[in-house]
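What follows is a single structure, written as structure tokens, with notes after it.
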Amino acid sequence: MINRIVRTMAEAMAGIADGAVVLLGGFGSVGQPQALIDGLIEHGAKDLTVVANNAGSGGEGLAKLLAMGRVRKIVCSYPRSPSATVFEDLYKAGRIELELVPQGTLAERMRAAGAGVQAFFTPTSYGTKLAAGKETREINGRNCVLEYALSGDVALIEAWQGDRWGNLTYRRSGRNFNPVMATAARLTVAQTQHIVELGALDAEAVVTPGIFVDRVIHVPYGDPPL
Amino acid sequence: MPETSSVAFKPLGRAAMAERLARDIPEGWYVNLGIGIPTLVADHVPLDREVIFHSENGVLGMGPAPAAEHIDPWLINAGKQHVTLRQGGCFVHHADSFAMIRGGHLDLCVLGAYQVATNGDIANWATSENDTAPAVGGAMDLAVGAKRLWVVMEQTTREGHARLVNRLSYPATALAVVKRVYTNLAVFEVTERGFVVLDMIAGLSFAALQARSEAKLHLPS
Amino acid sequence: MINRIVRTMAEAMAGIADGAVVLLGGFGSVGQPQALIDGLIEHGAKDLTVVANNAGSGGEGLAKLLAMGRVRKIVCSYPRSPSATVFEDLYKAGRIELELVPQGTLAERMRAAGAGVQAFFTPTSYGTKLAAGKETREINGRNCVLEYALSGDVALIEAWQGDRWGNLTYRRSGRNFNPVMATAARLTVAQTQHIVELGALDAEAVVTPGIFVDRVIHVPYGDPPL
Amino acid sequence: MPETSSVAFKPLGRAAMAERLARDIPEGWYVNLGIGIPTLVADHVPLDREVIFHSENGVLGMGPAPAAEHIDPWLINAGKQHVTLRQGGCFVHHADSFAMIRGGHLDLCVLGAYQVATNGDIANWATSENDTAPAVGGAMDLAVGAKRLWVVMEQTTREGHARLVNRLSYPATALAVVKRVYTNLAVFEVTERGFVVLDMIAGLSFAALQARSEAKLHLPS
């Protein structure tokens, strides 16, 4: 019997190595895998590359991981926020590398990795600083930039419901990057608010089929912080 | 510009700028609103004029902000504000959301900007080369992806520098994409001739407006 | 009030011009927009390029459109079937052009068109006849072929439920190419088995958001032929 | 090959070939089965060994064929046969389905073939250059995309020509992708040395097997 549900955070984190590329779901505080980030901190992996839309805020979660010096590089679209002081300080001190990627290109690069597309031409960022040094080409009258697939060693995501095959649903805008990242990593770990019996999810409404999910851990933490 | 300070005109406030722009959005358009004044535009589109608001974090069909007691903590927009979902709205993931954007399915995107150049170039994401971490979000995708890009911004900076320029001095967000600019003084169409003034606030002279633009302004031909 | 529901087939077909590129959903007999194909035949547009997984079978639907000489070119992955005799005869007689595309590349080229990706590098078909003349490149150790976005002037699709904004759901394997094609055409017309009130569809389970749909016509024809 | 006809061995039938291959599929694998003998493989995986079958038309988690009175006309596989959906199965659209394939998420794909070359090249979609319309379906995507490609086919053509060849004479489906070949006579691993015989049917000699292969065969080292 396939059972991807794990009971302990240690099982959820098993095998995440130093130097790993870690995809972190969430947008703002919604759909963030907070418990898994805490688990990663406890697990101790370092020299990480983190891919996330934001660069952490406040002093918990990703900000804490950054403050502990575990992250070598961050790939994101929007590292700036009034409370992203941990990242900002590290950045100004030259102690963290930043790869800034337009948000849609960030999503599409991971979608490409998950879909086996190795690279693609997109009009986004053409003629801007973020295209500096990149291959460009005019296609159908549109100037494009060549962008490469971005895959992760591990994706840590948050979902609403999960079953033992790893099928997942999400809740409202908690969906965001989570289903995309699930497809793009060699190891995908989901924390879910609910565990349901196999067959309980509507086959027409599964958002992430279990084929993309390796481990599910039940973390019924309730609503994201306002 | 001493001559202009004596002219009797009252620049629009932020809400009035948003209201002016909102008037030009017809029913049925799919619209993404950037952070700042653009977000205010939604407040000026009556609910019975069905305009479908998109947020790049995967929300299509956003409704008005909820009353405090009706906040759904799972439902935010790209500005991380709590919003509501209209009947007929739905949720998608980030790659699908940006497929809508990049694929040209949005009728309109409204962004703020630091500068717009006479050829439609826009600068709205980075002001300088200092050591503050840069942040771009979805601006570059939205600017190249939507069918129309309208900018809403003050006519000049607080220091009085023109924002309608001949050539961007700030880093570009996208090239040759802006179709209209709504400022606190006027509305401009970006054409092959450059900025054409569609309308102006009462009491403002064309000369006074031109004095507040580096780029040459045109009257409709 | 937005209302994309049209009452007559003439409205559904309005504006489809001679020479149009027409995307036809369906896989086998499931999820095929049979009524819309009949409408297209009645409408009379000719010199069409049809994009569909198959090249029609029997004597109805696409096969009939082909037999009437309305189709100049077909883009598909699998034109062969025991009953695809209309296409086969036209092909042997040199009266129709065939662009054969691997099924996943066909889907991905339309997905790219819908997503504003102008071209992409895929490993599929590298080293085969179907890659002849195409640009190739090794990326991350994988040999790839450059494939271009494939868009349509019109997509004719079948869905299960639709509302007045054009939100759609599908039924089981009737989903197939339909949601992909909906994103890839300038004009998307859906025939649906059911029309529902706005708000009746689960916001978490809409498969094709109305942003991709221009017209919806109610065709409660029942089950596809066995 | 007159010496082989007198040897006492009984080639596997189609069902037995499928059964032999099915034995090697462990629980938990995601598997796509091509048309023909590959489709039969599913019948030989017991339901309590959870193997999740994928069909490229957007079905993940297919179950056995339904009894005639339980056919769901909306549920077919890539071979256009009616199938069922297991609990835990789900539906996706074609682009997402091929993302699973191309993205390397399937543990195994089983295809039929005309020829497999000693370096793992496979030919299974076109036999010649005649005027019959060619058809490829999803074979090229599956062949390059799955983590493992296993081929199941007869050892030789009806005319006695070898299908294990030094170099394809039929048009390639994909290059250097086949990992195993299951025939009616033996099972082969495709290695850097070429075809290594993993096991053979009873009564068959290695020499007799080699006589039915153009490509040189190897014993496990």
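First chain written, first letter: the chains are A, B, C and D, and each begins at residue 1.
FYI, contacts are C-beta pairs under 8 Å (C-beta built on N, C-alpha and C of every residue); 3 or more make two chains touch, one makes a residue touch a chain.
Predicted, not measured: the structure shown is a model, and the values here were computed from it.
Under the touch definition stated at the top, chain B and chain C share these contacting partners: A. Counting steps between touching chains, the shortest path from chain A to chain C takes 1.
Chain centres were defined as the mean of their Cα atoms; on that basis the chain farthest from chain B turns out to be D.
In terms of their C-alpha centroids, the spacing between chain C and chain D amounts to 29 Å.
With centres defined as mean CA coordinates, chain D is found 56 Å away from chain B. With centres set at the average Cα position, the gap from chain A to chain D is 36 Å. Listed for chain C are residues 108, 111, 115-117, 122-123, 170-172, 203-204, 207, each touching two or more other chains. Residue numbers of chain B whose C-beta contacts span two or more other chains: 85, 91-92, 95, 98, 101-102, 145. The touch graph of the protein chains shown belongs to none of the named shapes. Contacting chain pairs in the structure are A-B, A-C, A-D, B-C, C-D.
Interface residues of chain B, counted against chain C in their complex, comprise 27-28, 30, 48, 50, 52, 54, 60-61, 85, 87-92, 95, 98-106, 145.
Those residues of chain C whose C-beta lies close enough to touch chain B in the complex are 1-2, 111, 113-117, 163-165, 167, 183, 198-199, 201, 203-204, 206, 209-212. Against chain A, the residues of chain B that register as touching in their complex are 55-59, 71-78, 80, 82, 85, 91-95, 97-98, 101-102, 126, 131-141, 144-145, 171-175. Residues of chain C touching chain D in their complex: 27-30, 55, 77-80, 84, 87-88, 91-92, 98, 100-105, 107-108, 110-111, 122-130, 143, 170-180, 207, 223-226. Residues 108, 112, 115-123, 139-140, 142, 144, 148-149, 169-172, 202-205, 207 of chain A are the ones touching chain C in the complex.
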